[in-house]
Amino acid sequence: MHKFAIGVLGASGYAGRELCELVARHPAARLAFAAAGEREGTRARFGGREVRFVAAEEAPLASAALVFSALPHGASAPWVTAAHAAGAKVVDLSADLRPGSGAACVPYGLTEHARADVRGAAIVANPGCYPTVTLLALLPLVARGLVAPGATITVNAASGVTGAGFTPRRELMFAEVADDFRPYSIGNTHRHLAEMRAVLASAGCDADLIFTPHLLPVSRGILATITVPLTQPLADVLAPWRDHYAGEPFIEVGEEIPSLRDVVHRNAVRLTATMATGVRAPTVVIVAAIDNLVKGAAGQALQNANLLLGLDETMGLPV
Amino acid sequence: MHKFAIGVLGASGYAGRELCELVARHPAARLAFAAAGEREGTRARFGGREVRFVAAEEAPLASAALVFSALPHGASAPWVTAAHAAGAKVVDLSADLRPGSGAACVPYGLTEHARADVRGAAIVANPGCYPTVTLLALLPLVARGLVAPGATITVNAASGVTGAGFTPRRELMFAEVADDFRPYSIGNTHRHLAEMRAVLASAGCDADLIFTPHLLPVSRGILATITVPLTQPLADVLAPWRDHYAGEPFIEVGEEIPSLRDVVHRNAVRLTATMATGVRAPTVVIVAAIDNLVKGAAGQALQNANLLLGLDETMGLPV
Amino acid sequence: MHKFAIGVLGASGYAGRELCELVARHPAARLAFAAAGEREGTRARFGGREVRFVAAEEAPLASAALVFSALPHGASAPWVTAAHAAGAKVVDLSADLRPGSGAACVPYGLTEHARADVRGAAIVANPGCYPTVTLLALLPLVARGLVAPGATITVNAASGVTGAGFTPRRELMFAEVADDFRPYSIGNTHRHLAEMRAVLASAGCDADLIFTPHLLPVSRGILATITVPLTQPLADVLAPWRDHYAGEPFIEVGEEIPSLRDVVHRNAVRLTATMATGVRAPTVVIVAAIDNLVKGAAGQALQNANLLLGLDETMGLPV
Amino acid sequence: MHKFAIGVLGASGYAGRELCELVARHPAARLAFAAAGEREGTRARFGGREVRFVAAEEAPLASAALVFSALPHGASAPWVTAAHAAGAKVVDLSADLRPGSGAACVPYGLTEHARADVRGAAIVANPGCYPTVTLLALLPLVARGLVAPGATITVNAASGVTGAGFTPRRELMFAEVADDFRPYSIGNTHRHLAEMRAVLASAGCDADLIFTPHLLPVSRGILATITVPLTQPLADVLAPWRDHYAGEPFIEVGEEIPSLRDVVHRNAVRLTATMATGVRAPTVVIVAAIDNLVKGAAGQALQNANLLLGLDETMGLPV
């Protein structure tokens, strides 16, 4: 089978390494380069084969059919431009080009909601981890006009520590995280809010959002518990998601309550919903879980890359 | 110093053992008996001294000035009656006599809100762990008429596994809990809701409640993240709690975001609050944390016991 | 491709479920039945497909080309006999037929050391998890006559809790295991010792063994740290293992110190060794790690099954 | 009660903070200063009171009756000299002045074995965490001439991550430590070996030592599993430790197998021993556990400080 050359910028972080591993095991791709300034010259194993990290400046961008950028927010955009100029398609995992960033408009790769746009694109902005799980949960309700106008949607999400990156920081050390649990960026101060609001607004959602992220003492996974005031009670509570995502290979809607272990190391979304009892305003409680490094980052990025390259969307993805 | 004889029924569970330890170290108490049917005849160490578990039927109820019942819900009420009939004061940690249970009315020992009632009582119903943290967070707002009438309050709470009891169950085994996180009793089906609703209603709260508990891969601690729609924005957002709990030895209000490690092994509540930005309905986000076995069970029970016995409320409590 | 029908007895425990998953994903096998008395009638998903557990008594043994028994020690032997009588090949994961058990002799499936015997067998006794890692580390030294005669080999091994089984027991509950670490069966009282001693003796090893297992607060993985007094210092310390295991697909010998994360979810052994400095008796320190449920149980069982069925030994195994 | 002024150098690391907390709660001490260059000007709470970190250069050494140095190895010695010159007694927690360091001789504060020397000293070298647990386990056998001459003692020890310090390093981040277990410094390359060997040699021990440390996915605690070839079998296996440590308040010898949870947050050593069965050379297996930050660092340092100040040795120590 023809193997597309794929390069990874920012290859030594958690998402970057996950990308390298996925590319190395992909049946129609080969890892053209793994660029990681900090680790230039060191080696790592991906797909059972040793790879040498190069500096981004030395990365042969023009040799790649597609480049993933897992560079930090702020540092990514110039490299996206450079890779694009070199003739590569680009999936940017940073926030630099996402909705709400103020930057030039490229398709937002929430794949299940943007498949057509992604297919024809040269550059795709890959969604953040919290926005992925939140928007996949909310958009079917928005699309059906079921969210009560002017209402406040409450999103409580908890993430494993790989979501906070690979740079050593005291608050991410084992003895600081173990046995603990805490929210952060409370009061709607998390930088992912702009992204979520922009996408919801462009989908016609008139509700407000209160988003509170939490840090879990686990390595991987995000679980979101979301309450949404509705225009009316749902008789068949799972119907909006079952209908919206019928045939979607990566979205699993069911009555079982999702947990992190259902989704880690898989490019999957698990979702359930139930109507809250004993409240006057009809309100649905949604629970959705993803692996923050797979469907929340590298997996979804590869899902988009498959579309950009004209491959089957599920190719090389762990289901 | 005079030492009150204090007995513990249901002494071998997590809360029961915490009670025995607190009693054994209490400067004005001694452990009169530790009753634990299942472990009758076995021994454990409390306060550095070995204690032999007896069957509840053999517990010398009449010898105790005060009896704690940490028996399971449903099994506790008859023993409360028996201990009371034997002349002991009783703190019941089960749900049998709590508001919302439908049972005969005894004071509800949310100590900071019921001090006067508790002092003169013969029997006190000790609050549940989730209700303790939730009600301590909400009641200052209710008392000031700040909760928007008819609004929906959202409570997302996460608890360590000791909250689920000491009986071996497959879903509580290490390999089933580690690396995972999941909600349970979603859609307002948790049995603590009746207790919370009854207390809020009797305090004049007209809002509805959506309560979603989660299981954390930690041993101890509960953290609740609560959103409350208000009648008006709070200029000094911490003022309701600072005013309400001024001088309270166990309630710590501050700007720092609480986490479990701030409260484990202490009879403390840590609380902060902030106004959500970017929403039309003025809404406060409250974060509060307790140790489920201390302020959420045995510690608060001892706080009540101190009042029942005419002792200083803080005596023998880890701050 | 032709798919062999493979049945699993004892399918609901940790090893049993791992077997079902491996069989369900195996390119040349299909899951003929999954028998689990306790869970009869319930369902689980293996390889993405729902399977209904049957009682062992109802398992269609005769329909299977091969049967795995993951039944408890003591209960397994009669079912091995029954499956064999029904015409199936059998891999028995229990200790019932292993060396040192006193039972009738069948090949001991430490695959890398018994490939020829396994190939022609009808029944194979699959090694225990601790013996697998210990024997794979020691046998190359024994085969070369390098172990000092009469010496004492010290094996300290630590295992994740899935090694202790799936039956709910208080000491395996999350709150009892988390944040803790402890040895058990100290002083050479672990039941795996007979198995290790019998295999070492039949390989001509004259040394004694002191084996101390420990329980780790992790779900999966075994790591053994082994000191072996030698007849002479090793100039090329890794040579015995590199030579012995040259070309072995599942054994990874290198200078890097192994850790659990190198081997979990893989049918791999990671091993390194170094000569201890500053001691008069030449002594090698070996470190070896496996996944207790894969190379230590279900993976090695499938490795043996592949040989029994005439398939490639690596087929269907996660490397 | 008179309160001795006690200062802490290196106050912001794990051991330094533990020291500050112990001093702040000590009935006969007050925290004179907490010096921590990196955190100069920031604040922390010790004993419920807020303390401002100063730079070591600004620490009022002369105002202190006693100074603890928890500075890094290599950086500590000059500050010990300075504090001594300023008139303070000093307990040095670094390795700079310990046996085997090649430095000038000061008493080695393994308190139970050096009480008389410590009492009259001006400066004490506080033992390392691994040496504390290892030497307390071995010295009673050495003192009785029970260790087989020329034998090899095997020490396998596992430590929680706080033993590796408070400086952010990638390999100490939560996602790198969780679910993992690995040895390090294998082959007798750990820097604590010189300290252990020097103390054992000066006690007349002729045996060799193989010491292998491991990193546990827990925050606190060290457990050592030690095999010692003996001159003869021990009829009463616990007698050497029971006799040697009779009346010692911090050493707990018993038949129960120690685990980390028995000792964390306490200045205790838990120890058991058993003769290995089925081996020709009589060999005892010892298991001993301590909290690396308490008896392995700050607790033992305070034990020594109490002696230096003429106080009761147990004062202010958590038992």
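Letters A, B, C and D mark the chains in the order given here, with residues in each chain numbered from 1 onward.
Rule of thumb we're sticking to: contacts are C-beta pairs under 8 Å (C-beta built on N, C-alpha and C of every residue); 3 or more make two chains touch, one makes a residue touch a chain.
This one's a predicted model, so the numbers in the text were calculated from it and none came from an experiment.
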item	value
Rotation angle superposing subunit C onto its copy subunit D by C-alpha atoms, nearest 5 degrees	180
Far-end chain from subunit D, centres as C-alpha averages	A
Between subunit B and subunit A, distance of the C-alpha-averaged centres to the nearest whole Å	38
For subunit A paired with subunit C, centre-to-centre distance based on mean C-alpha positions, whole Å	38
Multi-chain contact sites of subunit B, meaning residues that touch two or more partners	178-179, 217-220
In the complex, subunit C residues that touch subunit B	14, 160-162, 166, 168-170, 172-179, 217-220
Contact footprint of subunit C on subunit D as seen in their complex	150, 152, 154, 156, 158, 179-184, 186-189, 193, 197, 208-210, 212, 214, 216-221, 223, 225, 227, 229, 257-261, 264, 272, 274-281, 283, 285, 287
